[in-house]
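Below, chain A partners chain B and then partners chain C, in two separate complexes.
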Partner chain A sequence: MSIIGLRVLPVIGITAILLTLTGCWDNKDINHRSLPIVMGISKLDDHYHIVLQIPEPSQQQGTEFRLVKASGATINEIVDRIGANMETQMDLLHLKVILIDKAYAESGLNDAISAFLRSHDISPKTMAVICDEPIDQFFDNIQQYSKNNGTLIQDFFRANAGWSPQVATSRIWELFRSIHSYTRDEAIPIIKSGKGTIVETRGSAIIRNGKMVGRMTPDETLMTNIFSGMDVKGKIEVMNSATVQIVNNRITNRSSIVDGRPLIKSKITLSVALLEKKGQPTQDEIKKELQLTLTERFNHVLTMMKEEEADILGLGQLFRNKLSRDELQKWRTNYLPNLKAEIHFEVFIENEGDLKMDA
Partner chain B sequence: MAKTTQVISVFLIGHMGLIFFFYPGQIIEGVEISHWVPIVTSFLFYFVIITVYMKGLSYFDNLNVIQIFQQMGKPAAIILLLPLAVYLVSVSIVTFRAYSEVIRIIFLTSTPIWAVMLLLIAISSYIAFLGLEAIFRTSVLLVFLGTPIVLFILASSFQNVDWHYLFPLLDKKVISFTFLFTPAYMNSLLSLGGGFLFLGFIQPYITYKSSSVRRAYFILLPMLLISVYIPILTFGRNTAVLFSLPFIETAETIEINWLMFDRISMFFMICLISFVMLFLALLLWKTALIIRVAVPVKQGTILLPLTIIIFTISKLIPDWHTVERFFLINTIFRVYAMLIIPALMLILGIRHSKKAGVKT
Partner chain C sequence: MDVVDKIINRLGQDSDFFRYKMMLSNEPVLLLGYQSFMSVAESINELHAQAARVNPSEHDGHRSRLMDSIGQIIEDPSEDLIVSLLLRGQLVIWFESVDAFVDFHPYSKVLSRSIDAPVTENVLRGSISAFVEDMETNIGLIRKQAASEDLRTQSYGLGPDRQKQIVLIYMQNLVIPNLLESIVKRIESNIGMNVQNLQQLSAVLGFSKWSTITKFNTTELPQEVERALQKGKVVILLDRFPFALIVPSLLTDMFAVENDRNFLIVFTYLTRLLRILGVLTNIIIPGLYVSLVSINPDMLRIEIALTIARSRMDVPYPSLVETLLLLLILELIFEASIRLPRSIGPTLTMVGGIILGQAVVSAKLVSNLLIIVLAATTISSSTVVGFHNSLSIRLFKYLILVLSALFGLYGLVAGMVVICAYMASLNSFGIPYVHIMKSRGDANG
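Coming up: the complex of A and B.
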């Protein structure tokens, strides 16, 4: 055999072997996958009911939505059953929002949240949202609007899309953390389908150890966002004398234990821009009124926290260097109800808009 | 020829692969608060061991552990090297099995484990087959390719950090050093070791400056701290202790809007897995080198049966629980490899230098 033959034959041989390869293992092409983006969960008498919103690209009119519903004993079982009944592979990796029925949230979410984190099918970054009306009704109502906007609910909570400072954000992993934490509880946004606007914000739910124990108004949710150090710029505060917009916020906390009682001194610096005024209030009057409004609101949140023994502001975190681990364990029951808070809002009116102050 | 850069990159790569998967989980489980104490303890512990090991080796002029033992005669060498060989084989088995499991948990959920294992072992033994030069040169390439990604992920993993979780910094319970005797801490210590043994095997094929390696070791301290503290600062100890792979779980929570990839943790893990592959290749190569003391054949001839044996045993392990049992049985051999061998090297080295002193 010639030398060329010796070289060429193996190449042909290897190429022939390559043809027997079948490609990637268990690979399913994108057109054979269903990627739900919203999952609705409700629970009735130990039976979960799940609704999945699955976008389906269609050639005529943008994105169509398919709603798939099923009930069963565990979430994974239901998802598995839906997958078995569908012509495509179910893939929850791109799930963005988990919509939880309010009644279910009140009975406790621990099992579901642990299941999500354990199975690794769902990203821990998925947002948890509570629905203030029956899940089925919610999906039916938004169905007609979401024709051409597949990421509608997701956009509502995204900081670079439709999120507003008075809306809480809560990821699955944050919820999981709060379930096991001594010193931190979570606020989950509550929504319902709206008229005119597709989604309507209804404040947020106070989740204590995985259970919904109370609710806050959007304005009170703003407080939790300020305390968690979020940038709440853009929020508009309406008062009797004027309407202002927050343009900058900063918070410094100092914690101490006085006579066995936790004491917290917080200073919140707000820069606001004047948008509207009624009559002729002076700058000082506007500042005073804003301080008063916010302090009252904060005190209301605090009272609620003490009543529910739920630390949504994460104040217990500030005492981690003051209390021992065993003491922190009793933070919610022994310390939080006795907490004394001295809060001071420092307000700067950064600008008065395009008109002069007394115009 | 001195190839210090290559040796350092193998050294760092091997440790990085080991640190970010199981180490944080074991430390978080072993200690309740002040995790920096056990971390620094294990860091210093290994610093002493590595120093002793390299000091011992330095008495011999460019000889590796095997050649040093062989100077004492073949039977002695076989007796001393046998536990080491057992250690290396069992470490390979545990590592192959554990990392295949990790790959399956993280990205290939529907692929059968044997396929993942086969791929992992095939690549590693192929690199080992190509020889030491190939391993060391690949390591430099991996450092160049991997460092930007790893650094990017490490930097962005601070995204959800709450610094309050750092406290309490010091605790009486930790200062009493009782954690040293918890099984979780022992495991963490042992899983960290094994990354430095190769330093005694590569001469005379590759030589290096030991002082530079020792300096490079300090890069690992921030890595150890980050691997444990990022999960704690993000989740708090109470929650972090529930995860089997805390750092990986934390990396999953990173959200970067401008990046088109949803799960950037993927890149990090792929980098680390490639690091582990190289580490495994080195393990196989070392094992083959030891076996050749008893069975004098070519390096390549040993690797094939060795790979098949390791693959078969790994495949026979049915579940995670067995892996952990394997790990426990292995402890004696680990201690031998990690404590006795370096100590033995120092003793032999000092004796050797005295003898040489008498002669001249």
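Coming up: the complex of A and C.
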């Protein structure tokens, strides 16, 4: 064989393999795919009921969306059935929010969450949200209010769009982690359709091992967000004296086991900016009030955690190197209720706004 | 048959070849030459004037002094030598009585343009004189620019009849010795090969035929040549070719021109960065479009995904086909605007850009976004330095496009790796293509 033959043949061979083995003919262009962005799930008598909100590109300005509903035995089966009836291919990769009916959340989400993670179709980054009213009703209300914004529920939870620090964030992979972890539970947001504003936040749900066991107010959710070190710019109303905005927060934790009881010492440093004040409180008064308010809130969250045996702050993570695996297994039942927490809030008023403090 | 008859036999049928018998200081002579190279009447006047200066009174040795004074006596005249002199535009005088030839430098006609601004490279701030077809002028321009006693020129006649002249130029003290040695060796061993174009020259230098990246960096500007010489490269001038060929051509030549250094250093680096971005844009964007639209739409934000979906409604073809379709049209516009006379160019731009672009969208053949993508591609394909480099870039774009259509973003990255690997595999005379050459012996670095 000639030199040229030796060089050309492999090239032809590789090209042939490239063209025949890639399966690229199965790719569908974006306009032939349906990209649902919200999936609502409820469960009634062992039957799932699923609502998909699918944005519909239209020639006019804006994006309308349509709602597709179906019921069935498993989630994937339902989605498949919807896909078969659609004129385009169903593509769940853009799913941004999974809206879970409250009743279903209370009965346990484990099957659904593991189904989402098992199948490749859904991104693990999808947000899990609980709906405080029947799913169908929620979607019907939403459709009334927003004809032209197909992405509004997603925007509500997006950090660079409509998210606010009183809202918990929880991805389905985090839920999955909490189901299988001994030392961490999740708080997931609760919403319902609102009047005036399209969505209304209703605090967050405490999920323990995949089951909703309690709920927190938005203020308490802000507390947990601060504790988990998120960069929150939340506003806090200090009783009777002022309203401040958190501009910077830092937290340091130290954990130890004393007499078989877990002890956690935390120092939370908050830099705040003064937004509004009532009367003539001094800086120290505001600081003290703020410390008091926050400590109260924190203690309330902690009490709830102990009652429900749900570690939404992930405090057990701090004891991972101090307890054996067998002991960790009993973290929620034996250790968490006995946890002693010494939380110290250190507050700096970094900024008094454009007016002097005593003006 | 003596030499004169042989020459006349060989060249006599050319209509511009002349034989002119006359008396020069009482000596019968025959003038031979091409009238297209010289103005004959003035040359003969000059010849007479020179002959008159020789004192005719002394009979002894008058003839030899006459011959000496008008030109160079050709020792050992052979037919081939004289023919080659004639073809280079010399006037050859045959002294009939002694059968001797004298080589006379005539009044030559100007067969080149005068030195002018460059046609293919715009200079905004820097020396504007560009090379012309005449090799002597080009060498002169380089000598003037480089102004160095270390500048060496080496001339070779190539081709079956050794008529096509090429000149190697290098800095004696700076040139990379291996490079010069290998080039000289190649030229000497292939001296019989024709060099009418760069493909043939590349064959002479033994470069691979099927390379997709040029091995010659061409430039019209003496300034660029000077810098290349400073870096130890070798410059080749080809007769009747108004470009200097710099060997080796490296990856950096795609992004850097010497003229950049006539601006503040910040802008030098920023413009170079811009060119790199331009090349990346040109290579990546069409492939990125195809992979995002048909294979990895999950990488897009939902808003843009919906916008693209809306703009692609009713588009009949898959994204690869529509991209190829428009790219083909763009390549046609590129090619046509090179061919067209300058006066018709703007018409083409208008038809191609505005009318076709608008029509193709409203006819729903392609999506709006694709028009933007391809506009970006076309614009960025011209940011690269040198048209020869932009051709390579334009070709690589298709490799990425096809791989993206097959494998999505993964294919895009794999294509980039393939391109990088290919570039890394190239070398000319042992100097890798991706090598960055520092200027040698430059006092201020």
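General remarks:
Operating definition for what follows: the second predicted complex is superposed on the first by the 331 of 359 C-alpha atoms of A that agree within 3 Å, B and C clash if a C-alpha of one lies under 4 Å from a C-alpha of the other, contacts with A are read in each partner's own complex, and residues count from 1 in each chain.
Just so we're on the same page, a contact is a pair of C-beta atoms (placed from the backbone, for glycine too) under 8 Å apart; a residue touches a chain by one contact, two chains touch by 3 or more.
Small disclaimer: the values here were computed from a predicted structure and weren't measured.
By the document's definition of touching, of the two partners only chain B reaches A:320; chain C does not.
Contacts of A:123 after superposition on the shared chain: both chain B and chain C are touched.
In the superposition on chain A, A:91 contacts chain C only, with no contact to chain B. In the superposed model, A:35 makes contact with chain C only, not with chain B. Looking at the shared chain after the overlay, A:181 reaches chain B, while chain C stays out of its contact range. Of the two partner chains, chain C is the only one that A:57 touches; chain B does not reach it.
Within the superposed three-chain model, A:151 lies in touch with chain C and out of touch with chain B [touch as defined at top].
When the two complexes are laid over each other on chain A, chain A has residues 94, 123 in contact with both chain B and chain C. Of all residues in chain B, only 32-33, 105-106, 108-111, 115, 162, 164-169, 171, 234-236, 238-239, 242, 249, 252-253, 255, 257, 262-263 touch chain A in the complex they form. Every residue of chain C that touches chain A in the complex is listed here, in rising order: 292-295, 297-298, 300, 302-303, 305-310, 312-313, 315, 318-319, 405-408. Those residues of chain A whose C-beta lies close enough to touch chain C in the complex are 18-19, 22, 24, 27-31, 33, 35, 37, 55, 57-59, 63, 91, 93-94, 96, 123, 150-151, 154.
Contact residues on chain A toward chain B in their complex (touch as defined above): 25-26, 94, 117, 120-121, 123-125, 158-160, 171, 173, 176-177, 179-182, 184, 314, 317-318, 320-321, 324-325.
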